[in-house]
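Common to both upcoming complexes is subunit A, partnered first by subunit B, then by subunit C.
After this line comes the complex of A and B, so read on.
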């Protein structure tokens, strides 16, 4: 049972105590084929009966076609739209060359973001009530009947995914459609995705498919393509929902190299212990030697 | 002034300038008040136990009263902070060492019980042996209750908090001593030959003020680019207010053995300074989570997340 707080973990469900769990399931979101239709957002809202955003009526943001803005308590899929003025290589063969080559051409990046279902999930680690749990599929789920809205998970998540719903006071996020998985169905977003940008399946198979897709893109000249969250040796032990991106992660609003905060927790407790000892010594010193004298 | 590495603005990109992290949901005045009252209770329990052991009954009682007030008030603010306050007891359905809030909830529960028994016994004279034992046990829970909030805040993705995980517990330890010393100065009544116990209370407050100011300085100047929110903006302003009040309070505390007015002034200034420091920490954290540059710069500068 090594690497409980940090590092690669072969079987995350077994580590959480499940005996003979099913294979770890996850998402591979290939943003190179995302067309920005937001069917994933709609299907997620529909299946999970998510209310409108806390801000009330949605506003037009001016952020390209993105009026969802971010993942939150009521938005468990979020399609980002990035418009870039830059030369776009004309791909050989049947690539995704929708724009012509040359300077000043517009490149439009679209990416459907979602909870990463981290191998080392900070939200789960810090939850004081046990409301956040690891499921048998390796996903991370909030039990809403247990959550008391302490909001620790909100500050712990290195991706800014989980959030508290203002009117009901509890934390909410993507469940990897746990109810559908239990019924043998794939998550609503993956089901609705018309281009298979969102792929659902056993995580090890998705990682293999992603490596093949990445090699194809590199071969066709899309040198900016990279995988994000696929590596079990990264700061979160690898994501259960990983991505193929065409540019730097921060362009999409993703942290470039997140590390689960609990990696440093043993060191933090040692520093707190040392501070506690200093405090006791300090108060002891204040009494030392002079306590017998009347008047202090 | 120490040389400080600044965040490289030029190399920084983001998604429409939007934050990567969610800002903390923790509110003012709830979180700062909880932090202040909890740490005060922790140090007051230690002060009371030592005073009791050295026969200073007045100071021991003052410490016990301050410890009860801090624990009760802190628990109130902590509960009010929850999205579902009626589910407060869900904190006690598990014990999780990976969750500083779980550890803190158990500590607070144990500490509150101990200091309540100690104070009740002291005031009523019932079962003095049990009260004394509870008071001594609270001298064990107290220091942990006072410093665990450093871990509570640092064990997050918030850059200004996580990067200060070495210094924050010391800030709270110093703040705890300052606050408990201030409370004891205010509560301890002067006797005919000067107030017995004022000397130790004064020295606890002074030592705490030095420790708190030094830890604040270290967070501001030594932790790297993530220290910027403690120097600039709302967090920086509030930390300067905190420092000014704490140092002025320490000055006033020097007169506390001669003058009751001096003692009260010192207690008020030190309490204000300690509270302001907690507001500063919350505001710096919110500022650092709200600006994606802190997240991106830190992670780009230290691949794999090593601390610079």
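After this line comes the complex of A and C, so read on.
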């Protein structure tokens, strides 16, 4: 058996010990049709009964229409808003009528971010209590009643998704609506999305749909379109929640080449083992040397 | 659309996935623009120039759908010689009286002659051509700031998307309607759709997107002062008999059955008391004596002429234009009933409004007694919604309302019951209307909730013996039928609540006639006779919808034909015929007296038979199309002290354009969103959107504060500097800066902020009395606004610079 902390993995639930698990489920978030309505954010908070914010703390960020800012313990979906000005293609110019002619065409990117439910989930790997588990659907879930608040997972996540709640100290994140899945329902965010920007389903089907959509967009001239997190051979073994983006991942605040932070754990253990062996040997030699030292 | 109708916009996204081109015309680059193929920024208030130039493009390029125009519109009607157009009348049509600011439409009436060749110089088609000839791409560039390339893109897409094989739909929301020329914006689009053959056909039409759920329903069975259910007009004081009242409606076409509609309505309301002898109790109805719209009512309040007021799910202290005046008006009432989900500013103004700080209102002296009565939300009651497609959809109750919250139906029914109990035994004639009302509905449960389906049955109508009617064609004028709204008759056909139908689209035709129920007669597209050619054949295979079946000698198709089923295409009416029989087999627009689509509207409009561009009541520029700057007939209420000089006109003291709008995250005046933390946190503060150029010019910083000043008030807002708002350069070299303001905030709720509607005047369209909240002029400066009386000082400084007097206060300092 190969390295289970890195690389492609055909059946993540079986690998976690489930016998005959259901198909791996996930999200395909097609940001090219996101209208930034934030219904996903609200539906998620409502269904999962996330703590209500303190009205006194609510303030405008000045970052376009984004007042959520980031994923966190109490925000499991986050819609990013990126205002861009791009060079105008010559014929379809927005030119004469606008003051400051030569100004570029406007683009307003919107993208609903979420936990990636990595094939190789560092948060799960580092959890010392077993609070983080792989579910039969292939998703990664925190069991809040087991979490001891050590926050190893927080520093382990390559996306900065999982977060500790200030008041109770425990770690929280998207569950892929595990409870809804158990009841045969789709996650709340996908259910609420009015444009099907958030699609939920068997991961292999979503990957096929995404490939078709990407080809369509390329054919229509949207050459910057790309998939993110769809590739099983990437640094996290492919995400259970992957995206279609219209620009570089960094533009959306996503790491360009995420790698599971526990990738090097075996090697680290090997090196640590070797180092320990060397040290033991050194200590032994020291004692040996000492005992051998004349005149001691 | 994506901003305010995200769920409906899902279908635009679906169309785009299937290859549709989406063009977005909007002053700002919004969430809709983000998904459109092309966004065309346009100066607010320039819509008629832009749309008029499209009309000119169609006509001068001979792109009109000639057969459709000839057969189905009034293009061939010949106008009288004494009709003069704005071209000849310096921006005014014939019949204008400057004293009353009204038109007399006598000279607009067609002569009765027609020229089917459309060549006669006084035929509608030629008048239309001349009228719009000056609306050129160059004018669009000059007035709207839209480049010629962008205009060409729009014009080409429109023409390419219309004809036998294709149809184009226009979708608008309040960006078109909330202007002093709002009705004429829609009119210009209607002219385009008629010229291009896009009415009564699948994929065509003009779709009105409303402010919130069931606004269509609230005009069908209206909350409007000048209409009765089914678009019957409210009687006027001079209507002294049923016969006189009925002359308000046409004799020909389907309005020809007006007596049946009216008598059945009165029978539904007054039952056995309504008889032929007493004109079916028409006298019980109140009479119109003038403008009783919301704005004139508020002015009456300020002047002490209104004692009591009901507010149902409406928050004018935040949501109506000139909201300072709204609050001053509420403060002059004896009593006020507010029914809403939460305590809104219209219920709390007396203790938390700005006017307390400015000294205009004293809570210890405000005599208005406010009754706040909690209302049930839509999931807490059953009933129907009517959407923009005129489709009724029934919804069940999901949960009981909390605490003392009750449905609107419960409230009005039990209020009526109690009043009737108090009046019982009265012999006073003025109590008869209330005592004669049919006011018995089954009551259910502990709270005695009236049965909503029983109300819908009454709306559907009953025939002799209490049989539920199957449709409005069964209505009679002899008192044998009753019907609460003739257009809704048939919604309970066969004794079944047709509006509750939920058959999946996979189990029926693509028109989906068994999902809900659409008025009239479950027709999904109005005037769909126009989807076939004059001979009754589909214009094309692809756009086939309703057609004449020669064998069966009847109209058939995918939808319910909006035509008399057995009237053949070749039918010609006899001279002097009335009602539907007066329409030919080629007259699809069956609610119009002549059955034809009106390119030229001889009656029914207060501001002209054709659309003409006027600048808004306040505009930084003069009208470059006509000598007349703003609408000659808009209502600005100059006769009232508090509004007599409320408008800054074209003053340089207010150099920027202010436009107001909504955000996806909030609901109108905030009563349903600022009270909820999950929505409040998404857009927690009032902000203004401005361009980097304006920010640099005024020293405004992103995230900082700005004060926006108009002739009515001044407010403060956080600053959002964005390239999505662009300065528009007009061809005279002037640069127009827009200040964008979402209007959701007020003094109550979880998140609070200044009330944007304080900035706007009482300036309304003369046809429907809708306020001009999409455009006014303002000044914008850095920093927060002054507090207390200093606010009035600041506003007055600018008013004097604009040549206006000091801001008038409410009489008696706003106290009761």
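Quick notes on this one:
One rule holds for everything that comes next: the second predicted complex is superposed on the first by the 247 of 296 C-alpha atoms of A that agree within 3 Å, B and C clash if a C-alpha of one lies under 4 Å from a C-alpha of the other, contacts with A are read in each partner's own complex, and residues count from 1 in each chain.
Definition applied: a residue touches a chain if its C-beta (ideal position, glycine included) is under 8 Å from a C-beta of that chain, and two chains touch if they have at least 3 such contacts.
All figures in this text were calculated on a predicted structure; none of them were measured in a lab.
Once the two complexes are overlaid on the shared chain, A:275 sits against subunit B while remaining clear of subunit C.
In the superposition on chain A, A:10 contacts neither subunit B nor subunit C.
Taking subunit A as the reference, the larger set of touched residues comes from B, when subunit B and subunit C are compared.
Shared-chain residue A:152: touches subunit B; no touch with subunit C. Contacts of A:69 after superposition: subunit B is touched, whereas subunit C is not reached.
Residue contacts after overlaying the shared chain place A:215 against neither subunit B nor subunit C.
Applying the stated contact rule after C-alpha superposition, one finds that A:52 touches subunit C and leaves subunit B untouched.
By the touch criterion given at the top, residues 33, 35-39, 41-42, 45-46, 52-53, 55, 58-62, 64-65, 67-68, 83, 85, 91-101, 103, 106-110, 194-196 of subunit A touch subunit C in their complex.
Chain contact summary for the complex, subunit B toward subunit A: residues 12-16, 18-22, 24-26, 42-43, 46-47, 50-51, 54-56, 81-85, 87-88, 90-91, 93-94, 96, 98-102, 104-105, 139, 143-144, 146-148, 150-151, 154-158, 162, 165-166, 169-170, 172-174, 176-177, 180-181, 193-204, 207-208, 211, 257, 285, 289, 292, 295-296, 299-300, 302-305.
Subunit A meets subunit B in the complex at residues 5, 63, 69-70, 72, 80, 82, 122, 125-131, 146-152, 154-165, 168-171, 235, 248, 250-259, 261-265, 267-269, 271-280, 282-287, 290-296.
Put simply, subunit C touches subunit A in their complex at residues 2, 6-7, 9-10, 13, 16-17, 29, 31-35, 38-39, 41, 141, 144-150, 153, 663-665, 677-685, 687, 693, 702-703, 718-720, 722-724, 726-729, 735, 750-751.
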